[in-house]
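Heads up, the next two complexes both have chain A, just with different partners, chain B and then chain C.
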Partner chain A sequence: MEWLITGIILTSFVVLGSSRLASSIRMVALQGGLLSILPVLSRPSFFDLHGLTLFIISFFIKTVAIPVFLFRSLKQAKIQKEVEPIVSLHLSLVGGGAILVMAFASLRAFPLPTAPFPPLIIPAALTTVLIGFFLLVSRTKAITQVIGFLILENGVFLFGMTIISDFPLTVEMGVLLDLLVGVFVMGIIIYHINKTFDHIDTQALSKLRDVE
Partner chain B sequence: MNFLIASLITFLAASVFSLLSRGEKPKILFSCFGVVVGSLLGLLPAVQILSGEGSLGEMWFSGIPGLTLALGVDALSAFFLAAIFFLSILISIYSIGYLKGETRLISSYPFFPVLVGAMAAVVMARDGFLFLICWEVMSLASYFLVSVEHDSREVRYAGWIYLIATHLATAFLMVFFILLWKNSGSFLFEDALRRLPLSPSLAGMLFVFAVIGFGTKAGLFPFHVWLPHAHPAAPSPISALMSGVMIKTGIYGILRTLTLVGGPELWWGGLLMILGMLSIVLGILYAFVQEDIKRLLAYSSVENIGIITVAIGLGVMGLAWPNPWIATLGFAGALFHIWNHALFKGILFLSAGNVVRTAHTRQMSLLGGLLKPMPVTGALFFVASAAICGFPLFNGFISEWLIYLGLFQGGQDFNHFSLFLAVAGVVALAFAGGLAIAVFSKAFGVIFLGNCRNRDITKITEVPASMQIPILILGLLSLGIGFVPQMIWGPILLTVQSLHTGFAIEATTIVDSLATISRIVAGIVGGAAVLFLIRYWILRKKPVRLSVTWDCGYIHPTPRMQYGAASFAEPISTFFKPLLKPILHSKHFTEYYGDLAEERFFVPLFKKTTRFFSLLRRLQKSQTQDYLALMFVTLILLLLWEVWFGI
Partner chain C sequence: MEFDPVLWGLHLFLLLVAPPFFLGVIAKTKGWFVGRNGPPLLQLYYDLFKLFRKGAVYSKTTSSIFRMAPAAIFILLIFAGLFLPIGGAALLYFRGDIILFAYLLGFTRFLLILAAMDTGSSFEGMGASREVTFGALSELAFFLLLVVLVVTTGALSLNGIFQWESLHSTFKPVFLLLFFSFFLILLTENSRIPIDDPATHLELTMIHEVMILDTSGPDLGFILYGASIKLFLFMTFAVSLLWPQTGGWSWFSLGFFLLKILGVAVAIGVVESSNARLRLIKIPQLLIANFVVTIFALLVAIFGRAL
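The block that comes next holds the complex of A and B.
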């Protein structure tokens, strides 16, 4: 299971360091795929109904539906293919490293029972959440905001995994549905911002400020 | 319980249907008849419980882990439910007539069933979480109904003040419930009752928070500032509902708190009595100097909430002393006055609504002589005025009599500071009783007697029957309770006993004296009837000539020369000038009375707060990313703090 969790951390690093939108989307899709396998492995048998349903639905949403939708809006909005970060890519990677170190160092603040997962899952989840947040802060394009939001959600999902046995299936489904709807809404907004302003740079929204 | 759930669902459905339907007729029908049906459904179990069939079991909803939402009805809830549902039925019948032609009010009226349902749910909630949800729904629904006429600046201002006041109150209540939750580990009221006793300091703090939070909703001095703004702004049926029952949910909260935080201490009762007395005295003084009829009624609500609070404070002192006899009298008087106030304040606001509706002004100095064109409204306004002043024959007398009885008993049995408070309570009640007569003779006299002061107001006719009958029912009940007060003594005693298990009082003496009161009242009525017959018999053959009142020899008297509202108030307002601090505009010959609590406390407080927060405004940045970065840095710092220093 550890290789899956490591993969999840690595994919978020790839997103952090990539300058292309398309590869970022692909990496998020890969991360979602890795994430959806986890609950199946945590079950004693493969044919567990709860785990299997969760796998199918989350795999469909995270690796098929959302990336396809993002690619479509990428094509529709005719966006330039670069990421355009505020913080340079190298510095982002260094920041990601700092986040990783901090997350592992603060492991003792979360004395949670992680079985059947390895204890690695807690710092991994924290890293993913914080990297997602970092992406939200350091990227300006609306579509990179969506990507950051997705990675943040993946981290939350990873956290939720540790208490999966306590959570009813409906709550998980609710979270997934929420995510899907959120991405749809954002996609539509991207499309409309693009149509109105000819670009999707969220910096242009600063005119909405009420006090100069 | 099924009936009550059905009633809540009816309110919700009425609101949704009324919101979705197009056209004015269906909107009115859905919201008003929905409330009638839902209230009837809910009234059944409430009356059943009050007639002594035991409280209804609780219902649990547990969808979210770690949280249980509970509904339940005991005697205390049923007591308030009965008032809420009964008044709502009458007000929704009244609204059918009132809403005709009020386009804007109609489009906001889907909030009316929501408000009624939320009030019912507030008193049915059995856990802090659900309570706060319903409390907020109630506040927001009433806010939307208050600010219906939002194109006027005054109304927007009033709505704004109401919204801020109610949210500040909720903030205190949140702290209250979270502290309770920290202590017992659960939001359920039942668990709060079962856990270990609170430490005295924590219990006292909880009580103070509850008094501030609930007192704001109830309109207790000095938290009453929203009342005189919101009531003139709100449409009359909504004012009647808010003043009649919504502010009583604050009183319900204080009573419920007493059952939650354990055995009361003496100073709690003292605090309630002091706040109550301040509300009584200042409320009635401010009521006296008002020009606007609905503002006058709002201040009168402050006074009546003060009376109820003094009675509760007396009951609490009786519990702490312990003196079950005084406690019973105090709580019974408070509960009795809650129902009474719902009745007569309902009449007053609805009949004021009739006046405003026909004359299109709330300024009393522009009105006059309305008794002739509007006999039913005028007569009912008179009945309610007499009741609110506490005259025998009417219901207000009975509750004030119970409270006086308790206070005098306190004067005998208490000593030290409690004795002082009991005596001061008697003085405050007597002072307010006298001034109440002045206030309402001014209101009734200026509006309904004499001649109309404004020549523009012509063709005043009585309102349609649907706007008379609800008030008539309230008036008859008010008289009925004044005649036969023992008929509702049973439910009140039941509710008092549910407040505290220690009450095992044989209250037969009270029932006996209530029966005596009803005999005396019958005697008065009989005597008056005899006198009237004698007068009729004497005047039978003599000619009757109509003539003007003696007008000091003026040759050309005009209606504007009549004794007006300000002339009525002048002697007393001169006497209390240092306290009331009128602001004179000699250019326009107007006088304005600001509110002490508002101008001396809240306005400076909010000015200072604004200055403080304007510093924070500099942090406002232009980009989303900047805000996100702020959040990010905060999160990281909190995480590091948690990890390296621990909390």
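The block that comes next holds the complex of A and C.
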């Protein structure tokens, strides 16, 4: 399980440092996949209906449905330019390192029991959430903000796993469905922004202008 | 640290004779990837033999530093090699020799840069400046990596770190992180492809090669020989990170060790063939990412101990 958690942290760093939209989407998909495997391993037996259903659904949504949809809206919006960060990629990586140090240092403030998981999971969740926030504020494209949002959500998912290991199945499925719908709505919004303004730079959205 | 002639002989033999062969392996792998035969495996030996028979030409603007540097670099690298366990235990060790090891490598870089600046050529000055820029970042990561090793193993010498006398379960995430980070450091320090292309001779893009434009004859031989030894040291380090030698030496472990090095050499060849050289502006980003990964490894290591 430590391997998976390490992988989750590393994938969010790859997203932080990569300059290509396609590779960041793939990395988010990979992260979702790793994340969906994690709860299966925490259960006593592998063939546990609850765990297995959850694994299949979350794997489908996080690594198949959402990335496919993001790639589609990438194609629809005909995005030529790649990631355009406000903070340069070098600095975002350094910032990510600072977040990592902070997350590990604040470990004492979260003395949570992490019973089936290794204790590494708390700083990992914190790092993922904070990197998601960082991506949200430091990228200008709407689609990169969706990616930041997804990473943030993954972090929250990781946190949730440590606190309550046994959500009722319906609640978890509801959350996943919400996420899927959210991404759908964002994709549609991206498409419309692109159609109206010829770009999806959210910085330009703070100005008002007449639409002919 | 008693004197064991067999161990000394073996260690020095490996250190002095084996390295050029592995550069041949890398060249062969790259050749195979592009569908050619590639140069003979022993090409570097022939080159060295040829170079050492020649005379050197010195520019009038150079001073004694330029003449001294190649041989000094070579000797310093050999000296650094004595501290690294190759095959069996290291020949020399004491508490804290990791710092000496890192600084010996840093010193060779310093001498190379000085020699390059000494020629007064603007191209070589440019190469030196690049080497310093990237070296500063990769050395930072290398030092941090040594810190992680010290934290995880509790030993303060390379011998203690890589001989795993007491503990060790190699297959932990920390070591894999360290291995990847170190592999990148290896590529940077030895000017391999994603960072620098050893085969390029276009002045605007090369880093390491541009610094030795003015060296010739035996001096060039020393530099090339030294570069192969440095690569060998780094490959040994990388192999020991992932899969350390245990205990003393035997013919079996020796063969095994050489096979592992061969594997790393082939891996370097594959990486070089399947990647394009990065733009210069992208390199610091890669090295910073590497640094962050090492920080991550350090945090995991410290965290793992605290529990």
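Just so it is clear, the second predicted complex is superposed on the first by the 204 of 212 C-alpha atoms of A that agree within 3 Å, B and C clash if a C-alpha of one lies under 4 Å from a C-alpha of the other, contacts with A are read in each partner's own complex, and residues count from 1 in each chain.
The criterion applied here is as follows: a contact is a pair of C-beta atoms (placed from the backbone, for glycine too) under 8 Å apart; a residue touches a chain by one contact, two chains touch by 3 or more.
Here the structure is a predicted model, which means the values were calculated and not measured.
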Give one word, clash or fit, describing how chain B and chain C relate on chain A after superposing. fit
Centred on chain A, what angle do chain B and chain C make, from Cα centres, as a multiple of 10°? 150
Thinking of the overlay built on chain A, is A:17 touched by chain B (first), by chain C (second), by both, or by neither? second
In the superposed arrangement, which partner chain does A:130 touch: chain B (first), chain C (second), both, or neither? first
First, second, both or neither for A:140, with chain B first and chain C second: first
In this superposed model, does chain C or chain B come into contact with more residues of chain A? B
In the superposed arrangement, does A:41 touch chain B (first), chain C (second), both or neither? neither
Is A:119 touching anything from chain B or chain C once the two structures are fitted on A? First, second, both or neither. second
Is A:6 in contact with chain B, with chain C, with both, or with neither (first, second, both, neither)? second
Examine A:90 and indicate which partner it touches, taking first as chain B and second as chain C; both and neither are also allowed. second
A:102 in the overlay: touching chain B, chain C, both, or neither? Say first, second, both or neither. first
In the overlaid three-chain picture, find the nearest pair of C-alpha atoms across chain B and chain C and give that distance in Å. 17
Report the residues of chain B in contact with chain A in the complex, numbered from low to high. 65, 617, 620-625, 628-629, 631-632, 635-636, 639-640, 642-643, 646
So in the complex, the part of chain A that touches chain C is made up of which residues? 2-3, 6, 9-10, 13, 17, 89-90, 93-94, 96-97, 100-101, 104, 107, 119-120, 123
Flag every residue of chain C that touches chain A in the complex, lowest number first. 172-173, 177, 284-285, 288-289, 291-293, 295-296, 299-300, 302-303, 307
If we count contacts the way the header does, which residues on chain A are in touch with chain B in the complex? 86, 102, 105-106, 108-109, 130, 133-134, 136-140, 145, 166-168, 202-203, 205-206, 209-211
